[in-house]
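Both complexes shown next keep subunit A, but they swap its partner, so subunit B is in the first and subunit C is in the second.
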Partner chain A sequence: MTEEKKEGQAGQGGGKPKVPRQGMPEQDPHVRARNFDEVTLGYTEEQALLEASRCLQCKKPFCTTGCPVGIDIKSFIGLIQSKDYLAALAKIKESSLLPAVCGRVCPQEMQCEKVCILSKKGDSVAIGRLERFVADFQAKHGGGQIPKAAAPTGKKIAIVGAGPSGLTAAFDLTVMGHKVTVFEALHKAGGVLVYGIPEFRLPKAIVEREVKVLEQMGVEIKLNYVIGKIKTIDQLMEEDGFDAVYICNGAGLPWFMGIPGENLNGVYSANEFLTRSNLMKAFQFPEFDTPIKRFKNVAVVGGGNVAMDAVRTALRLGADNAYIVYRRSQDELPARHEEVEHAMHEGVKFKLLTAPVKVLGNEQGWVKGLECIEMELGEPDDSGRRRPVAKPGSEFTLEVDAVVVSIGTSSNPLLFQTTPGLGQTKKGYIEVENEQTCRTTKKGVFAGGDIVTGSATVILAMGAGRSAAKNIDQYLKTGEWWSK
Partner chain B sequence: MYEILKKTVWSAQEPRITEFVLNAPEIARAHKAGQFVIIIPRESGERIPLTIADKDAKAGTINILFQEVGASTMLLGSFKEGDKLMHVAGPLGKPTHVEKFGTVVCVGGGVGIAPVHPIAKAMKDAGNKVISILGARTKDLLIYEDLMRKASTEVRITTDDGSYVKKGFVTDELKQMIEVEKITVDLVVVIGPPIMMKFVCKVTEPHKIKTFASLNTIMVDGTGMCGACRVTVGGKTKFVCVDGPEFDGHEVDYDEMMARQRQYLPEEKQATDICRKKLCHSA
Partner chain C sequence: MEEITLREIIDYARINEENAKRFYSEAAEKASAENVRAYLKHLAKEEQKHIDHLNELEKKVDKSGKIPKSHGVAKPLGYADYVGKVRLDETASYQDVLKAAMAKEKEAFESYRKYAALSDDEKAKALFLLLADEESRHLRGFEDKYDDFMREIENN
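And then the complex of A and B:
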């Protein structure tokens, strides 16, 4: 429980609050690097109470301004202080459908915890961990009720994609009394939460539980429905009588690097690697039928959450050496701090300021190495980060038998090809009036989540689902649309 | 859940060839020639891509036909009439480009005859003269002969061992048609093992005959999300499940495709051995 110790000490310094920020109990790094069980174990009630006691209950709580969906953080922590955990959960659920998920995967250090007043004096309140605590508490001890829907409005809404955005919109619209059908391409609901983020970071049972609640509320979830193939958006509206459609099908199309050797055996997109392991449970092959290779030396190219998930999965599948190959420096790693730290503790090797040049193959067409080049940071680019520039003559070969490409994703062209009138942005995402109204260029059709913003975060996708629900409800009442 | 309304065992010889008629009304309605489905037989199952070989939109049924080459298809073959398949997703992939080309030759090899069937049918309906060449290792493994006769203007058959009609390969027959009989061929559509598709393309290329090849790469999701199915076509990486499955056969890098298909051989063997030893045939 390394982190617990470290954080405990950090909080002891002069002028800091008396109770230190409570560390999160977690599996020993050496043990967990070889299993798929959840890494972090969650606060005990005692720890949660201690952590909650650190919150100053500010008159002007900044924390809420840092949360993309504006959770009333001060109030829910206040309710924890008075041990009313179910009320605390209810308070969170006024703004966020999936606290058990966000408490685990939100980049809190960039959001709510970044602006918590205590972060100025030392360590912010561990808001995410408290959020997780109340959600897990309810899951374990029961209580709470299935939310009730308003009287039926007679309106039907189709949602395309059962990721966090779609599930949130489905919840809100159902509460408003509309009849919601969610169409999902895969055989499980949850989107990235089930196919991308691994079990050791987000147990699938949590997602299943939330999906079940939606079904009990009357949401119909149709699996194996690839919209654009089995039915078009126009057919949903014209033939099946849906009054509005919310498209939230994510940004799932993986990018490859375009370097030589990328189609060799042993080169995967992170999506394939993670989908095999998570969605198809290939880490349990042959008990489950989908195979995955257990490579000895694996290079993962990229530095985001997806890359961290892939590299830590490779370790758990038995790799002796698992590398992150990232072209910028540690400060620019886009992954959550916690994930980077966990990966380091587990033994992932970071090849920073390094870019891949070529995948090398053997005669049988299998990967035998990744040729790389060292980089240095030059002038800032459009994103404000310093642009990496190759150092001539610094090429070297990393001896690996697999390469996982995790350099980002873009939008799947399917819906554009099959939906006349659906506008597309220059970057290939769905064009909307703005991210608040979620209205596309096609009347009655709304869009949000990663398919509008590009790959972002779970909480932003959920926030979009909530905005969409509000605007769909309004549209159903007024019939008003916008024009460009 | 998708009920198996009818099961036909085409060839009991291993690897067995089996056909199911599945109750899947919405897929049947949306299906167009050239498209496929992904089947997950049971909860712990794999996603298996299989072409829709026939359909009855009115009855709401689709036909799939598969050869039991490994653990997943053996497991699928153990299902009986009345059993239900856990998941069927589709139709997937782009439909075949169908128009009046003139004379279209449909080449089906082995179990590839089934996926070529709806294409032959659609080509004939579009006013083409359809000559089909069906190839099988031996007479017992020849499937869909009657259906192909209905879907074609003319049918030619080859067997590797000469046990039925003509001894030889489909490529021999195709060469004979083009080079000896001097038949003007406007389009060739080929489905079968990659090595066969490669050689069919080698026959048509010098004559500049447009050739569609339907590729059967390894797939996971089948919706464009993973890239497992990628192939090089004309020097560019394409995803077979969304950009295909049909491509200009002359542009496909078959050697790379064949290498990629062998990726999971040891794992497939492990699964098949386990399957043979215990459950598959009683699952």
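And then the complex of A and C:
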């Protein structure tokens, strides 16, 4: 069963008949809460044409200014209006390698759609949904070609990490004629796109398709290859003859709360929980028998997008009750509004203004509960913010058999420990000259994506990959570097 | 509780602050991360300011025989109650330092509160409460910092 989300009417100028923003067809919440199929189903051609017809083809299109990589949105929507979907896709690909991914996971409501002129008076054009439509159209109907590389330059580049940043850099550098090898620690390429974001938001087949294109272009991807363990960055450059290295290994080291009981069995970081589900195919149980226990009641601590992914995954793995435990109020939930709404419709229970105090265990050392305390908003401080303060005596126990901690991640120390001369910022990320040049404090070594910015977005990581490729190419030609 | 002079109470508070200063200075020697080291040194300096403040307080109390008015107690955010104990060694992170600092301030706050409750002498009671209120504000300062830190990482 599917349902279509109702959306408001949008004003449209020039006396044209009003076409409302087209709702996104979705699986019924009760059904989808128990399967891993994609939640949103994508526009039909008819819906895409109606939605595209809402675009005013502005003389000064604000939408592009809101896009972190400056996609020519007006033009691609214009091409949809004239039903040239493959040309629309090609237009997007001038600026972004993975439209099928970005159309699904970019926070458009904070970017292009936020500044679309229509949003001033009503609903913006559904830019992300149109982006997804053209990418899916090509996947379904074929067309498009494998991009050609320039004549070989004889230069070799190593990329550390096969996430969106690494894949983008690999693509661009290959098109420029360089020989690219990507080293990936896990047994699958794609980074967070395959091990973090769940199947029901981003089908893995999409990422696999894109990785295959790269391989067909001649990119070599070495899996199960941890740089810093199997080989160091210095070895890649000095022994294996790489002329430059791009480090884009993400920021996947989880933070924990530091409360008693966090070492009990049944406490996971969101990363581990999602990785087990995604990469070890726990979501295809019982076909794939993986070491993930069936939990009846799961508490996910945190309120960001990762927490929403984890709690919705817990439901789909068969939990009777899946809770979000978050110490702040609903207004402060950092997750995208759409994700919170999806989680609520699927039956996730939100314990807001609630802070975990202690994880309780049974005699076998497994989680049996999460002790929490209620919070209330305190007096406004100097900045006017009302921080949540504990309500004395309001402690209570949530009976759960698993706790998933999703309060953020930081950088892994391995590469710093094994790469002399690689500078680190105060917050623990790789120091670069600036985010445009991606040059680190070590000559010939570039860095970008989450390992430079801290956890951010797919499109920013891809943008960094593109900047890095441009600057690596430049460096290979001039040999110029910077000094602090 | 045995009779205790106002001067002795201030001495006791000064020893607490001196211990805290030593604690941060020693942790700064051990910490390997540059930013953590710098922050610990800053905290040691802050403790010195508290010692200076107690010296001033002692003079005022000596001179007037009165206990100055408190600026009030700060409501805690609750973090200090629930973060586990941390030892600050060479691997100490900014988060660890905040946790250790919260634990220290909370301990001081509670001990002054306890002694206030045990004191029969009105002035001694008022002085302990004044000191407790000051610690509550220090604690809240660290809890605010911890809250900002958690917010920043959780927004990712």
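Observations on the structure shown:
Here is the rule we use: the second predicted complex is superposed on the first by the 455 of 484 C-alpha atoms of A that agree within 3 Å, B and C clash if a C-alpha of one lies under 4 Å from a C-alpha of the other, contacts with A are read in each partner's own complex, and residues count from 1 in each chain.
Keep in mind that, in the parts below, contacts are C-beta pairs under 8 Å (C-beta built on N, C-alpha and C of every residue); 3 or more make two chains touch, one makes a residue touch a chain.
All values reported here derive from a predicted model rather than from experimental measurement.
After superposition onto subunit A, the partners subunit B and subunit C occupy separate space and fit alongside each other. Of the two partner chains, subunit B is the only one that A:229 touches; subunit C does not reach it. Looking at the shared chain after the overlay, A:253 reaches subunit B, while subunit C stays out of its contact range. Looking at the shared chain after the overlay, A:455 reaches subunit C, while subunit B stays out of its contact range. Between subunit B and subunit C, B touches the greater number of residues of subunit A.
When the shared chain is aligned, subunit B comes close enough to touch A:185, but subunit C does not. Look at A:412: by the touch rule set out above, it reaches subunit B but stays clear of subunit C. Per the superposed model, the minimal spacing between any CA atom of subunit B and any CA atom of subunit C is 8 Å. Residue ranges on subunit A touching subunit B, taken from their complex, read 185-187, 195, 223-226, 229-231, 252-254, 256, 262-263, 265-266, 268-269, 271-272, 275-276, 280-281, 285-293, 364-365, 412-414.
Put simply, subunit A touches subunit C in their complex at residues 251, 255, 257-260, 302-304, 328, 334, 355-358, 373, 375, 378-379, 381, 387-390, 407-410, 426, 454-456. Across the complex, subunit B meets subunit A through its residues 26-27, 30, 35, 40, 44-47, 71-72, 75, 86-92, 220-221, 223-228, 230-232, 237, 242, 256, 259-260, 262-264, 267-268, 270-271, 274.
Looking at the complex, you find that subunit C touches subunit A at residues 35, 75-78, 81-84, 86, 95, 99, 144, 147, 150-156.
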